[in-house]
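For reference, the structure is listed below as structure tokens.
The chains carry the letters A, B and C, assigned in the order they are written, with residues numbered from 1 in each.
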């Protein structure tokens, strides 16, 4: 049902995006077409990834999900960097962190929790992720903020580059840990059984080849539309009285992460909390430890360089979200109220960014 | 024994409060009479609540205890708001949070821990409460502080009102979770057994009707005395060289929370740690998620509106207290040293506010 | 092998230190000789302590290790205070906290984790330590920072002295708790067994008398060299373009804590994680709850008094390190990746202090 809607949106939205941008339709209409097209394309990317994930097992599957959800994010950000919109990029990184940690996880916990009284997920993975969240947000993002107060621009950029390289290195080490040296070490018996059942129960929607083709095509389409989307921000901000901060934190983040939203919630509803949490938290980690530092390094190629220095509201919302998530996920189980708590935190931050 | 002292204090203090305020006795003497009377009345409220609590079981009992301990707080604050003392209200909210989290819980852990080597409490409740503490203090109180730096007064107030509504909504959802959808879900076998034994062992001091009557009468008396008490603050602050901040954070908070102090410590001494923790942490949550936002909304009726923006020392002491409590209560057990640690934190903050 | 190197370094370094300082050799050469001599002497202190520790059991052993590792720190700091180098003392306290929590623990987890897939340590001790870390760093160090913003110098010093006394009192209470009232209460069966085996397996390197003599002699030598070392800081800072902050945080801390580094890593490699963690975290706690407040009190005897107010970068790095360590050690087990995460945090901070 929703798949048909997304199919319609894609086959109408993508051509309209091309025609509209060539014919210089009104910016506001283009903005809406672009956003809806990206959401629809992201859904295709999500489903193609899910098909691949079923073949590859729940863990790699979650990783794949997170990667291609963030491909959209990465593509939009590169075009924003090229256009010199440093503020929008930092804001949309913030928005992705908040969106994944609070909105995606919150909706997953809430929707899953309405169907099931208590939902369990692998407590070892949750703690491993908590350590990484603390490292990436509380250490790697907070340090340059505080130190750059007493630094000139060159030193701030050097610090940002140094931290970015360390972040990427640790991210790769984390993959090595998870997939090589400690593969399955922390897996509980139930989750192993669940994983095995998952293999037998589920049929992939598309074959491997078709999945990869769809992934490729939708990625290209997302790239094309993103480049155009970025140039509408300024106009939309003025028209609605929104700040570029609000567009970055809330709008871009929701559009860019729609795929994860959808698939994480579906997984939670099927009581596959390991995958739902992996998508939400894994995606946050990928944004913080991979997408953000990669963008810092890529920005060195452009005229305007991007230091890893967020505005204070951006930083504080990320820090408090991480602390909240660490405490809530620490026991390896969730319920509807924990989901509602995360959502309430998201709304509070949304109001804040809207009024700022 | 102590009950007789409180009876004496009430039957001497309340008439003296009335006579003294009508005859305009020296302000310092009135301040002392008012404070002692409220402490004594709060003890009556506490015992009436405890009687009701025995009938209602430990969980609702703890909730009742916290509610009526905070009735005193709420009443004093409304009269302070009416007198335009925004700073005193925010300070006394801070003081209640610190007092409950550090002083009440600290004394409970310490006194109980001297009698028992290790005391256990429900770890699920502790973690549920930790999540709420993080949400209320770290998210809902920190966000307006940071965002309001770049906002005008109107926007700050809008943000405060928005956050207040979300806080109250989540507080009601938390009650719904605890009392309806997840009632007893996280109860351990021991605590169930303990709860059942509790019912049989203990006799309520007063019957249901008498308890309610006493609650009603002492609430009225507290309201009358609070209105007079509020107007002595300015004079007392000058006479002792105290700031209004110190009066709010330490004096009002101790006077207003004496009831919880007493009953939580008694429960800890009887090794009923579930109730002691419920009183201390539950009361903190009620202050942060119910009393504070309700006061923000009530302040809209008065000339001077109260935004949810604390001073930096107030905010930081609350944030650090929550982090300390979350880490200490995370394992679901306590001992005398953990109590002493909480008390030491309270003393450090007390010295700070005294010197400020 | 390494022992022979340290022996050579001691028997060459100490005489050279004396001769060099009397003959006014170039400062840079003296600085290097002093540093290497202290590292070598600290190794003697470490091994003497280890010998004593084997006799005394793992817990007291860990305590002894931490104490004499920090003797070097304390001695250097007293001479720095005497020379009026308040900033260097605060920086080297910061450096010791960071060095122990991130570098020592990080290397221990990493080196141990390469040999063993999962290493366990006593989760009760870890949580007890987490509570103390929160208290010492997040409460006792953060409060004066925030409150002193609105205080004059006299009040800031009064607050510092008050907090220092409370810190020392709680530190003594912690020892009383650990060694008297709750001795062995939280010991797991395995760790008891391991401790017993440890007694039988290991032979102390030196006898009790010889150990104490070596401890005494090396302490005296360290004191003599430290006094000279302190006066080279200014010159070295200028020569290398380093700030005094960087010297304090990184150089002094590494030189002063070399002993702990060595012995903690050796313990981790032998899979005695209880001792390794006790050295790293116990040493941090001793710095924060004993060395720092004692130095505040000692500074009252000198012309320049030292308040307990760190610079913002110092404070934030300590706070974030504690939060990271609390989350990582919370489950009572470690692996190579957790070690790498701690090391990555240390490198990020090191880059920051270098560029500052």
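Simple rule for what comes next: a contact is a pair of C-beta atoms (placed from the backbone, for glycine too) under 8 Å apart; a residue touches a chain by one contact, two chains touch by 3 or more.
The structure presented is a predicted model; accordingly, all values stated were derived computationally and were not measured.
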Q | Contact-graph distance - origin subunit B, target subunit C | A | 1
(Q) For the two copies subunit C and subunit A, is the contact made of the same residues on each side, with over half of the numbers shared, or of different residues? (A) different
**Q.** Approximate Å spacing (C-alpha centroids) for the pair subunit A, subunit C
**A.** 40
Q: Hunt down the residues of subunit C that sit against at least two other chains at once, touch-wise.
A: 330
Q | Complex interface listing, subunit C residues touching subunit A | A | 117-118, 312-313, 316-317, 320-321, 323-324, 327-328, 330-331, 335-338, 340-341, 344-345, 347-349, 351-352, 355-356
Q: Enumerate the contact residues on subunit A facing subunit C in the complex.
A: 124, 127-128, 130-132, 134-135, 138-140, 142-144, 146-147, 149-151, 155, 158-159, 162-163, 166, 169-170, 173-174, 177, 181-182, 185, 326, 330
